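The data blocks that follow each hold one structure.
Below are two complexes that have chain A in common, paired first with chain B and then with chain C.
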Partner chain A sequence: MTQTTQVPRPRTDSEGAAPETRRRPASPQWAAWAFLAPVTLYLLLFYAYPLYRNIDLSLRHYTVRSFVRGDAPFTGLDNYRKIFDDPTFAPALLHTVVFTAVCLVFQYAIGLALAVFFHQNFRLSATLRALFLVPWLLPLIVSASTWSWMLNSDSGIVNAVLHAVGIAPVNWLTSPSWSLTSVIIANIWIGVPFNLVVLHSGLQSIPTSLYEAAALDGANAWQRFWRITFPLLRPVSAITLLLGLVYTLKVFDIIWIMTKGGPADSSTTFATWSYQLGFGNLLPAFGPGAAVGNLLVLAALVFGLVYVRAQRKQALS
Partner chain B sequence: MRTRLKTALALLFTAVMLFPVYWMLNVSLTRDQDMRKSPPDLFPAHATLEGYRAVIDQQLPYLGTSLVIGLGTVALTVALAAPAGFALAKLRPRGGGILSFVLLAAQMIPGIIMAMGFYAIYLQLGLLQSVPGLIVADSTLAVPFAVLIFTAFMSGIPGELLQAAQVDGARALRTFWSVVLPMSRNSVVTVSLFAFLWSWSDFIFASTLVNGGAHEPITLGIYHYIGNNNQQWNAIMATAVVASLPAAVILVLAQRYVAAGVTAGAVKD
Partner chain C sequence: MNSFSRRHRPTAAVLISLAVAAGVTACGSGSGGGTEGADSGTYTVWDPYPQFAQGSAWTKLLDKCGTAAGVKIKRTGFDTSDLTNKALLAAQQGNSPDILVVDNPVVSTLAEAGVLTTTDDNKLDTSKVDPNLLAAGQSGGKTYGTPIGANTLALYYNKKVLKEAGVDIASVKDWASLTAALEKVKKVGKKGITFSAIGTEEGSFQFLPWFWGADAKLTRLDSAQGESALALWKGWVKSGVAPNSVLSNTQTTSWQEFATGEYAFAENGTWQLANAEKAGFDYGVLPIPGASGGSAAAPTGGEFVTLPVQDDTGRYTTAQKLATCLTSTQNLYDTDTTLSYVAPTTEVQDKQVAANAELKPWVAAVKAAKGRTSDDLGTKYPKISEQMWKAVQSALSGSKSPKDALTDAQSAVK
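This part shows the complex of A and B:
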């Protein structure tokens, strides 16, 4: 079991250590678990219990008073029924799917193109690649508020540029037909660095001799990409996309700060809808909010399991 | 010649990518009366520090709170994750694989779920609007990742150095403290950087668990700013610039650790 965990390999060489430890008798289990006890307790208290509370929340009928006193009546799947019948359900589902899919495709495509580009040798390559990390490191509230102002209808730079090339101004954040596009653009910007860095490290493990051989056979750059780079990068691509999927499904900050899911639910996803229900109104609806959140957990866990399987397959190969 | 062309292209790409960051700086230096100018000035021709004065006047307590919360999160994360990483990497616990799996799955739980669970629990315990409460919540952003990083780095430590650790528990503790931990300095740095950055950047826990309290972090400072005074974008962007400083410091001082952290979290290379 321990051999197949997904833990990434360290940069130092561990090849020599593994067989040797196997020869020695195992250390007492209690010592090992003494070291693991704090984190195990922590996982139970601060992951398992909040998750349990969340499921409990979604199965009861809460009012503000019963929330404080903790005597809310058990109502089974009522909250789930309520959210399925809610007029927000269909748009939230659609927006979650569109947001996730469009962000993933663009982040991956741009990230891969940049990774291939930066994989070549030229001056400043490493420095500039490092600068690409900036959007990923910035607090989301910083990125979100900067994009909000750039996309401002009257004073934003984006509309000023559009005006300069003769395009009518767009109400990026205040028009229902553009708000989802706006948050997608901002989120792609944030996600590109991650894709770039991970795919770039994947490229480095492709042996250069393959490219030399292909060049000798007269393959052009385009053919080399599709015949060598892309196929050999597949495992790394799969993991990048799956991780991206899990991360994008739960994106909340960007959307909430830029549009609050509006106007009129036009950019609401499951994550913002859940927050809206639980914390966004004067009268909180914790039960339905938790129910929406649990649907999100379910989706994340399904793709998470796929991710773990993909990781293991890669680890074994 | 061709490589010079590539460098030029790379510079162009980087400029496009970093334009929003430049724009944040530019707006933070813009005077109030130029804020609604159309088209906006591309360069801060009449640069002013009004925005930054507002930060110093109004945002310092938020920044202080964020600093405390960030450092608290780092301490808690390292204290929990380093021993766990050591055990998983070197002591071969039975069930260790399951624990690693749980840690991986824990990273996939959406923040809103954790926030709602924490809210319900903290409400009952009276921990809402408390700094320690937020530190614990923020640490959940980093602990699973930290254990995975420590496990990876520590399994690279040669076994001969740790023979004593195999004998009994007390020696294992000493080995961990005086051999393994000093040798894992790099991984401690990586984990600390990410734990600090994530807790510094956290918005969802802050907005659900300490909103309206006496000690709010800088993310809420900016959020209230956006909500309250839509006009003074120079002050908002100046706060954003200040809030970005830890990210900038980390990038300059510890870029190799960052890249290592990003890839270690995702890929086995």
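This part shows the complex of A and C:
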């Protein structure tokens, strides 16, 4: 760290060449390393180490006793075998896939539609757009609690409205056939603003001259969207979808607050299952919990690599 | 004072998929305040009462006991759900607090982890404590602390609603008469009963009085008795005398339903007494009836004062003095009055009833109550409990019959 404090010195003109001769023996490489040190340290401490610990946790047989003593025996892939054999695994996998896919499709489609809509810059469009950001600005605990009140079987406003129009009440959060749908609806609502903002800024980078040229050629609105907007938005769409995917895979709080993954595991995803194993019981099962968490990390990583690959291909072509 | 309402509040820091590792390491670096580094004249106390700020009766009591023992007290109040993990981590780092006040079902888990000293080691006197309450802190023939207070479940009822429905509360003696009363209430357009059947420990806690009231044993979930208890709940939800929202109710939200004045009965705990006074209607309290009469055993809630293992064994003498002071007759009385708990010793219970006659049914309920980890279940209880709340959720939501749900639960425990 002493290196970093020396660096700004040569900038003062009054000191002239003297410090430069002093600096010469220390290779400039060192200064570079010194600059890198804080961020490297940060990355190691807050990213690499927890990741390492998580992998380590998932490979050992932890009991509360061995957790305190730190002498948990190494059991290889036992925890992974355990979770693959668990009756919760198949439904949790299915729910994770359905939850992620449905949320992504709707968030992106609604977000894009709204972005195109607001791109027309009519009066009040900025105000309305700002209103659409509200779900994004609310703390998740607030929005999730509000959703669970609204969807309450007996006293929720949604069922009251359904009753008013003559539809039988739905047990949104307490029926195994509806709980996943309910959390998906809530999550789409929360995810739309992000898609809207990113896609809207993407739209602004498309030159208007293209639209003017297309209009001269007689292209209608539909054609302009599919031939200009959509293809030119592809890089932005790709990153939006990737970020959305990573974000949706690990959604935990909404589901936990609204349904606790229930009833009877009907809305359990890998994220809630991991938490349930590690913290949801008086007797924590850290090993299997960490194993489930790692599967999620792995899934996100795979899609990240797919994205990087796709981008490279695009850059080459 | 409802320890459950705080238990499952998600901590924002542990929400991501890396929760397990990130949570553990992040907590590890933040859990200072142990004895390590503290000078020998300062003793640390951790408790699950974050609602008591500096200057409250509880912290004053701690300071008073500290002064009496000639030491300074450093107290930290944690969220109940945090406290178990914090205690485990502190033990891992070798900086456990000198006194740990912890929720009773956690005691056996911490004891299993080797975090707590036994009363043989720390010379804590537990002779005055009611044996049924002490049992929650015992495992393998050893005792790991002493209760600071107890609470349990009973049925609150709304006198006005019952009168409207023409139900005489004296007629409610067993499950059949209770169900009949609920049906009558439903007929006059009011709601029958609310409870919490949520998919957490809280759900198991609320189901246990019915489970035990049918003479079922936790070691065998799929007995005919256990099935009859679950069938009772299932029948109530199906016929509409209990709302469907019980599946997502915590004990707090269930209380809120009762507080609307629309419900005839609510299964809830001692800690709601203060809120019951505020509810604005005449209420009564009834011990939860057994299947064929009598009072069912309800599970005990409430915390234990424990002395975690220290590297410096010389600290036990003073820690023992502090714990003894905290659980002395007068101090127990004061603390349990603040917490709205029932005291763990007969002497203090009598004093409580003398001061407030409304506590009488609660004292009776606590006397009949049973620790969840009792019968030497210890760390087997959490696994059984998880399968039990899952079975309750499966049955009430209609995804399985009570019989299948409990059969599956029993096979998952094994």
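Going forward, the second predicted complex is superposed on the first by the 277 of 317 C-alpha atoms of A that agree within 3 Å, B and C clash if a C-alpha of one lies under 4 Å from a C-alpha of the other, contacts with A are read in each partner's own complex, and residues count from 1 in each chain.
Just so it is clear, contacts are C-beta pairs under 8 Å (C-beta built on N, C-alpha and C of every residue); 3 or more make two chains touch, one makes a residue touch a chain.
Here the structure is a predicted model, which means the values were calculated and not measured.
Asks: Would you check which partner chain A:Lys260 touches, where first means chain B only, second means chain C only, and both and neither mean what they say?
Replies: So A:Lys260 only meets chain C here.
Asks: Applying the document's definition of touch, where does A:Phe35 land relative to chain B and chain C: first, second, both, or neither?
Replies: first
Asks: Going by the contact rule stated at the top, is it chain B or chain C that touches a larger number of residues on chain A?
Replies: With both complexes superposed on chain A, more residues of chain A are touched by B.
Asks: Just to be sure I read the superposition right, which of the two partners does A:Gly111 touch: chain B = first, chain C = second, or both, or neither?
Replies: Neither partner.
Asks: Who does A:Gly191 touch here: chain B (first), chain C (second), both, or neither?
Replies: neither
Asks: In the overlay, answer first, second, both or neither for which of chain B and chain C A:Val297 touches.
Replies: Both chain B and chain C are touched by A:Val297.
Asks: So in the superposed three-chain picture, is A:Pro50 touching just chain B, just chain C, both, or none of them (first/second/both/neither)?
Replies: In the superposed model, A:Pro50 contacts both chain B and chain C.
Asks: Would you sort A:Pro91 into first (chain B), second (chain C), both or neither based on which partner it touches?
Replies: Neither partner.
Asks: Same chain A residues contacting chain B and chain C, which ones?
Replies: 49-51, 53-54, 57, 67-68, 70, 140-141, 148, 154-155, 249-250, 252-253, 257, 271, 274-275, 278-279, 286, 289-290, 293, 296-297, 300
Asks: Which chain C residues qualify as touching chain A in the complex?
Replies: Contact set of chain C toward chain A: 8, 10, 12, 14-25, 81, 84-85, 88, 91-92, 105-106, 109-110, 112-115, 198-201, 243-245, 247-248, 257, 379, 381-383, 385-386, 390, 393-394, 396-400, 412.
Asks: Could you please specify the touching residues of chain A with respect to chain C in the complex?
Replies: 49-51, 53-54, 57, 63-65, 67-70, 87, 140-141, 148, 152-155, 171, 173-176, 249-250, 252-253, 256-257, 259-266, 270-271, 274-275, 278-284, 286, 289-290, 293, 296-297, 300
Asks: Enumerate the contact residues on chain B facing chain A in the complex.
Replies: Residues 3-4, 6-7, 9-11, 13-14, 17-18, 20-21, 23-24, 27, 35-40, 79-81, 83-84, 86-88, 90-106, 108-121, 123-124, 136-137, 139-140, 143, 147-148, 151-160, 163, 165-169, 172, 176, 197, 200-201, 203-204, 207-208, 218-219, 222-223, 226, 233, 236-237, 240, 243-244, 247-248, 250-251, 255, 258-260, 262-269 of chain B touch chain A in their complex.
Asks: Residues of chain A touching chain B in their complex?
Replies: Residues 1-2, 4-14, 16-17, 20-21, 24-36, 38-40, 42-43, 46-47, 49-54, 57, 67-68, 70, 114, 117-118, 120-125, 128, 130-143, 145-150, 154-157, 160, 163-164, 189, 192, 194, 197-198, 201-202, 204-205, 236, 239-240, 243, 246, 249-250, 252-253, 257, 271, 274-275, 278-279, 286, 289-290, 293-294, 296-297, 300-301, 303-304, 307-308, 311, 314-315.
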